[in-house]
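A short write-up of the structure that comes next.
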Amino acid sequence: MSDLVAFGETMLRLSPPGTERLETASSLDIHVGGSESNVAVAADRLGAVTTWLSKLPRTPLGRRIVGDLHQCGIETDVTWSRDGRVGTYYVETAGKPRGSKIHYDRSDSAITSASADELPLDRVRDGRLFFTSGITPALSPTLRETTKQLLQTARSAGTRTAFDVNYREKLWSPKEAQDVLTGLFPGVDVLIIAARDAKTVFGFEGDHRQLAHKLASQFDFTTVVVTRGEQGALAWHDSVVHDQDAFETDASEPVGAGDAFAGAFLARRLTGDDVPRALEFAAATAALKRTIPGDVARVTMDEVEAVVAANGTSRISR
Amino acid sequence: MSDLVAFGETMLRLSPPGTERLETASSLDIHVGGSESNVAVAADRLGAVTTWLSKLPRTPLGRRIVGDLHQCGIETDVTWSRDGRVGTYYVETAGKPRGSKIHYDRSDSAITSASADELPLDRVRDGRLFFTSGITPALSPTLRETTKQLLQTARSAGTRTAFDVNYREKLWSPKEAQDVLTGLFPGVDVLIIAARDAKTVFGFEGDHRQLAHKLASQFDFTTVVVTRGEQGALAWHDSVVHDQDAFETDASEPVGAGDAFAGAFLARRLTGDDVPRALEFAAATAALKRTIPGDVARVTMDEVEAVVAANGTSRISR
Amino acid sequence: MSDLVAFGETMLRLSPPGTERLETASSLDIHVGGSESNVAVAADRLGAVTTWLSKLPRTPLGRRIVGDLHQCGIETDVTWSRDGRVGTYYVETAGKPRGSKIHYDRSDSAITSASADELPLDRVRDGRLFFTSGITPALSPTLRETTKQLLQTARSAGTRTAFDVNYREKLWSPKEAQDVLTGLFPGVDVLIIAARDAKTVFGFEGDHRQLAHKLASQFDFTTVVVTRGEQGALAWHDSVVHDQDAFETDASEPVGAGDAFAGAFLARRLTGDDVPRALEFAAATAALKRTIPGDVARVTMDEVEAVVAANGTSRISR
Amino acid sequence: MSDLVAFGETMLRLSPPGTERLETASSLDIHVGGSESNVAVAADRLGAVTTWLSKLPRTPLGRRIVGDLHQCGIETDVTWSRDGRVGTYYVETAGKPRGSKIHYDRSDSAITSASADELPLDRVRDGRLFFTSGITPALSPTLRETTKQLLQTARSAGTRTAFDVNYREKLWSPKEAQDVLTGLFPGVDVLIIAARDAKTVFGFEGDHRQLAHKLASQFDFTTVVVTRGEQGALAWHDSVVHDQDAFETDASEPVGAGDAFAGAFLARRLTGDDVPRALEFAAATAALKRTIPGDVARVTMDEVEAVVAANGTSRISR
Amino acid sequence: MSDLVAFGETMLRLSPPGTERLETASSLDIHVGGSESNVAVAADRLGAVTTWLSKLPRTPLGRRIVGDLHQCGIETDVTWSRDGRVGTYYVETAGKPRGSKIHYDRSDSAITSASADELPLDRVRDGRLFFTSGITPALSPTLRETTKQLLQTARSAGTRTAFDVNYREKLWSPKEAQDVLTGLFPGVDVLIIAARDAKTVFGFEGDHRQLAHKLASQFDFTTVVVTRGEQGALAWHDSVVHDQDAFETDASEPVGAGDAFAGAFLARRLTGDDVPRALEFAAATAALKRTIPGDVARVTMDEVEAVVAANGTSRISR
Amino acid sequence: MSDLVAFGETMLRLSPPGTERLETASSLDIHVGGSESNVAVAADRLGAVTTWLSKLPRTPLGRRIVGDLHQCGIETDVTWSRDGRVGTYYVETAGKPRGSKIHYDRSDSAITSASADELPLDRVRDGRLFFTSGITPALSPTLRETTKQLLQTARSAGTRTAFDVNYREKLWSPKEAQDVLTGLFPGVDVLIIAARDAKTVFGFEGDHRQLAHKLASQFDFTTVVVTRGEQGALAWHDSVVHDQDAFETDASEPVGAGDAFAGAFLARRLTGDDVPRALEFAAATAALKRTIPGDVARVTMDEVEAVVAANGTSRISR
């Protein structure tokens, strides 16, 4: 039985070494990444037993994804298909002013055809918490329906649910996202949302504490976490708002830091921490992620605790 | 004005270093490859001025393909699209008994929607020889029609035409291929066909000399080249069949050797060599290709001449 | 419940790229390898559910080993220790006449102190087959005792047992090996032995068929497999000896081919194949291993079947 | 017909990966670079059609240079020689206080013997703008004469001319440079000069606005651009001086940023932008260059516009 | 005859490229490092003739260490042993907040059994200065005795002695260190100590100038250097304390900077510089080390002088 | 005092990884190589104390060469110059039929101006054997004179001399070589000559045993070694000719195998082996070299002895 059961797409992540360009790089580093599996790995590292559900084609690339997630330490229960492809994305990393760029090539991946009845629903029913993100319903009409059914399955079975909005403008318009997400929110207990997405998708401006309060009361969430990048995060819970600063970092692997935050927060809540403590661990995990190549927070509990304890300072450990 | 104008799909070619596996490789080497551009580069290296026509999305990967082909030395005239993706394939190279494996991820690439009216037909009309392969019409119904129109455009303008059957079982069935290709052959002057494909697609068994003769008389080709891998090749021309042995090689980059053969043969014919001489240069170019990473025959005329002169032997050149 | 439960040491395998030398290489490729986990992975790839038991220190290198084995697809149940180190070995690969060289740095690894009572014995009792090799008792006096107890635990629980002699001259003398192994053999059902080791450790000369027969009758094994490198293998079972040729291979990753053979043979036997069929799959798996960097046979069932079907020939698959 | 025709030396640029040292690096990354071709590529990326003229030996390294420039997108018209070598330089990149170091090995390269009569002068006559830098006349007495003749050829044909002073102390003394450049300036319309060089070569101290004014009036330039590294740049044109700040950058590939600035400025002027707009694009292109390995500004117009629009800020684009 | 003779352990240093993790890196960069040989190389680069004494096993890894030190330019006189291993350590480099981590695997290395009578004591007697660090006596009881005897050998022969405390908490407790070091100090002329170690091992709190004074008077050192990381260093000599700021650096290879400081200080003292000048060169060498991969300060005298002259600023040198 | 003192040019050797091409490789592997230092390293590995004399510019590349030779284990005594460059060569390695290609860029290297009076002649006088090759006098008129003087210096001091003809057609014509070498031979004791060069330079056809005899009698050599690549070698000594087969090898690093042969032969003769034994070790060293990247025979005496003992067979050593 898992503490956290996540469902979503995981892709092949191809990136030129260092700050090289796709136009001229002679090789691409391979990682795997996907918002929900990133969250699952971070949760596992922070002490939760996690299982990732998805649909993949039975190809070397499909096996690659599962193998790498096993290496990260999580369990998987994958529906293997004959058709469809593995989603792929290309990441160009660069400093200012170029900035990092992600080019997606994810259309028609196998998961876009995943219906609820071909997924192992008992995993959802037996878990303590079910998690997915706003990327999943954005991928295809089939997945919109599947997402809804998975949330309902969880609810009916008494499994709690968490949802990260994760708006992707290349997948759908703000209007579409708003319509679909609003329909899903009634099935969600814990909402995680970037302040930026709250503005883009829901038109929320202004104070982030009010935003959390408003969302919680409108959709009856038990917890609302608002992430604000380098400005830290806050969480509304039981009508109280808790603030958390971001830890200082001079490292440059920003992709996946938000997922690391979400996974760590959920894991610490599942293992009994209160909200402020969970936020602190989440912020430390996100800061560590920014030092690790790829999208996945390959951290240890010891490291996270050390960051929390040192309040972000570091020296050579030997 | 080009000697040779080629039309077809060129893809991103991603391959693990050495004999590593896709399941575990930490990086992928990047090359670009496509049967028609491979032929174009080999033709350019052997002395023909060549232009490659295609359709690509305006993305870093689309630009990558064009940049690499320019680096190879050929001209390009690309129709840039907003939609569609770049076709991709993954090559795992290995010795016996594993053998090399190619995994395609090429569905819905931008070229599959290329109609004749969005292509620079004057390039075809102004060229001396138009070339494409059986892969092109296999990619989409649109491209079947486009291939036919390009061959007709060439014919009407007095541009000669060459066609390499290049059967790909993952794209269509032998029956489909046979139907479509038979419809295209009346517009073709020079046919290149692997003995293996002649059997699979057209059911030709037995003696390869008779096969060449039979094809030539049935479809009225001026030249028919039958390639036989390590057994060499033969060419029917003016009712005479010329044999050519393969040059010995201890190298292990087999992918693209057939295209190198075709490109070199056509270039030498265009620059005035007779059929036996063109076959000899084609075999030498194919042998050199087998020593070069990637699918493209980055050779020099000097090197090809040296192989022909040395009849395949080699020593350290210094 | 596992089909196969393996116990033994897995180490960090560090090797210069290509044929570079340890004296000057600027980097080392990382793999993990150990005879028993190599066998476990091959067995998993050939259809058996496998679990690997071991003892490792709770360090990044210890986690690395477990992560990589998970990536390979097998389950692990590891006893984590505060003390001890991870065994390490350095592999220099080269062609004739230099040959490949392995330099071990494995003294005092955590597993050398592993007693039976800190291992999950129920895994052994619940498995269908328990496997270890002659390396394990060679590592320390403690492990000699532990090996004996694990074999007895298996026997008592009705779990069958398999044992690969795997003599390592840097760990013990032939005399020591003979004494200890002779004491362990009464607990073994399936013996795997290299013809070379039979001569070195047990002084068996001459005909390998007689050797198998003699070993079987002396120690009451149900099956005796004698491996002979490029000369293939033979298996005695129910008083009949079956011969198997090695498949031809032009590849150069010989380390681990014997383990691939053993794992595939055991897996096919566990899944119901008869001895000749299991030998054929074992030989094909070993041949494929020789094309794969590292010590582990990352093959698929499809690939093994293709080698068996093609009887060792290969062409580009696309 | 080209918008910009550039003439100069392009070399092989060899650099240890990261911050490694030439004394111990096990490999060198290969790029090609030369002030004039760097300018040409930046101009091409910013919308000008460009052609690069030079002289190279017919060797693999000579072909390498042309191939890479074609990959960058520019046209070339090269005089191939039997003799002479390819200039080479070694770049060690490092942060403070070591700083980046360039070691030249460029003596006796093929271009040092290039006389005007072996160059395609019609390219110069047919272009809209001819460009070279102060490096060219510094390379050999022959090239001093050739530079003069090319500028005269341009003038006579009504082609405008631009010149970047680019003083290199390892090639000549300030006195020599001053003498030669003063002789060339009457043929130049647009002068680009680093404030540092103005001081070293021409002894100009003090206010940079006055410097621009003084140079313009003394040599009758139509435009004078003074670059000041991290302090930005300014341009005198029609008696007005325009200031441009540098964009903020946290990246570390400084070599070639000045050439990127020059190329972008000239291209935007050629395509009709006014001086302030051209300066803004030039500064953005230079800032982007600092994030790109090698000496060449492989940017896109979209990226430059995005930097201008965002005024230098960046976030993950996905 | 050497200016400086150093004795200590040098190990294989294995580090994932960039900021990758040991759990997933596919390769490890190889360097060699050890406090005393790091000091020796820095001293050599700053003008002292140096010899390094140690004990190593006669294996490829032992030869690797000697080869790399020869490449660095120093002499070696190694006692080769049949037994024992080469010490190994793994370095994970990362920015804030993860920080760099060193994992040692150095137990039972060959040097731990080195007694004075198997070392070339004449080298110590013939040198001008003998150097070792607090790591050496921490490695084994045998080495405690050997360290003592080497210091006595030096003293008796009129060779001066220098000692860097270099406390390593993974090797011994502060109490053990204090006891042993206090016993060794009477044989030491020049003491180098990190302010951090002074607090941990000797319980010195407060003002660093007083600390230096106190140590000097208590143990009768001729010179005491207190290093303070980014806060610079100070040296007590002839009752005067000299301060030295650290040079600014934006680079990230901190491991070995302290050894570079020590080696440069000792070399400049040996070649006749006064204490303030030696401190300045030491600080510049340490700053340069922070830009160089590995633990060794591969700098040139020219570079150090340039840093001192420029007071830490840098621009592209060409 | 050295057993063998070698004089000659050592260059930077830049080679694309694997079988990649200079036209497209993204990096070049760095080695150092030069016939005389290759010989010196092989001699050192086979038991002779060796010193290498040369002239190099005081640049990072000059230091690189000396550092790498120190790493190989030999002593150096280099005349450092302000002017001149480091010779460079580019090696493209490939299998049949492409073969390996060496492109030299060695004109005007520092050594071309080396006169005898700036070299440490006492090293020559104090050595037991002085060695250089036919490359040295081919590099410049100055070096022709220097080579003559060094041979005379050796002769006068009673130092024996060895000379490898090593004809390089890119440096001089057969006629020039013949004239110069014939003038040098009277000062030579041991001549090493490839059968191929004997034909090209001296017009010797036919039986190699007669060739050796003829050369010995004509120039009064004490020993003449004729190397014949894969056909092995023979040596004339005291009027007897000894034959030696080449050892079988499946490896592909041929460059430098001849130097390895020469160095090993001379070292074994210097350490007292008779001619047949020295030939056997020379052939084994050359065979091992063919498995080692770069031009230098980084072998151990143990490895050479093992090849001799096994007569060329190899298995995994563990």
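To keep things simple, chains are lettered A, B, C, D, E and F as they appear, and every chain counts its residues starting from 1.
Simple rule for what comes next: contacts are C-beta pairs under 8 Å (C-beta built on N, C-alpha and C of every residue); 3 or more make two chains touch, one makes a residue touch a chain.
Predicted model only: the values in this text are computed from it and were never measured.
K.L.:
Going by the touch criterion stated earlier, list every chain that contacts subunit B and also contacts subunit E.
P.N.:
Neighbours common to subunit B and subunit E are A, C, D, F.
K.L.:
Return the chain whose centre of C-alpha atoms lies at maximal distance from the corresponding centre of subunit F.
P.N.:
Taking each chain's C-alpha mean as its centre, the farthest from subunit F is A.
K.L.:
When I count C-beta pairs in contact, which pair ends up with more: D-F or A-C?
P.N.:
Answer to which pair has more contacts is D-F.
K.L.:
So what's the Cα centroid distance for subunit E and subunit F, whole Å?
P.N.:
The separation of the two C-alpha centroids amounts to 40 Å.
K.L.:
Suppose each chain is reduced to the average of its Cα coordinates; what separation in Å results between subunit A and subunit D?
P.N.:
About 45 Å separates the centre of subunit A from that of subunit D.
K.L.:
Hunt down the residues of subunit B that sit against at least two other chains at once, touch-wise.
P.N.:
18, 21, 23-24, 26-27, 63, 67, 71
K.L.:
Which bits of subunit C are touching subunit F when the two form their complex?
P.N.:
18-21, 23-24, 94-102, 104, 168, 170, 254-255
K.L.:
Which residues of subunit C touch subunit A once you look at their complex with the stated criterion?
P.N.:
So the residues of subunit C touching subunit A come out as 63, 67-68, 70-73.
K.L.:
Which residues, counting only subunit F, touch subunit D once they are in their complex?
P.N.:
Checking each residue of subunit F against subunit D gives 14, 17, 21-30, 59-61, 63-64, 67, 85-86, 88, 90, 92, 103, 105, 107-108.
K.L.:
Using the touch definition from the top, list the residues of subunit C that touch subunit B in their complex.
P.N.:
18, 71, 247-253, 284, 287-288, 291-293, 298, 303, 307, 310, 312-318
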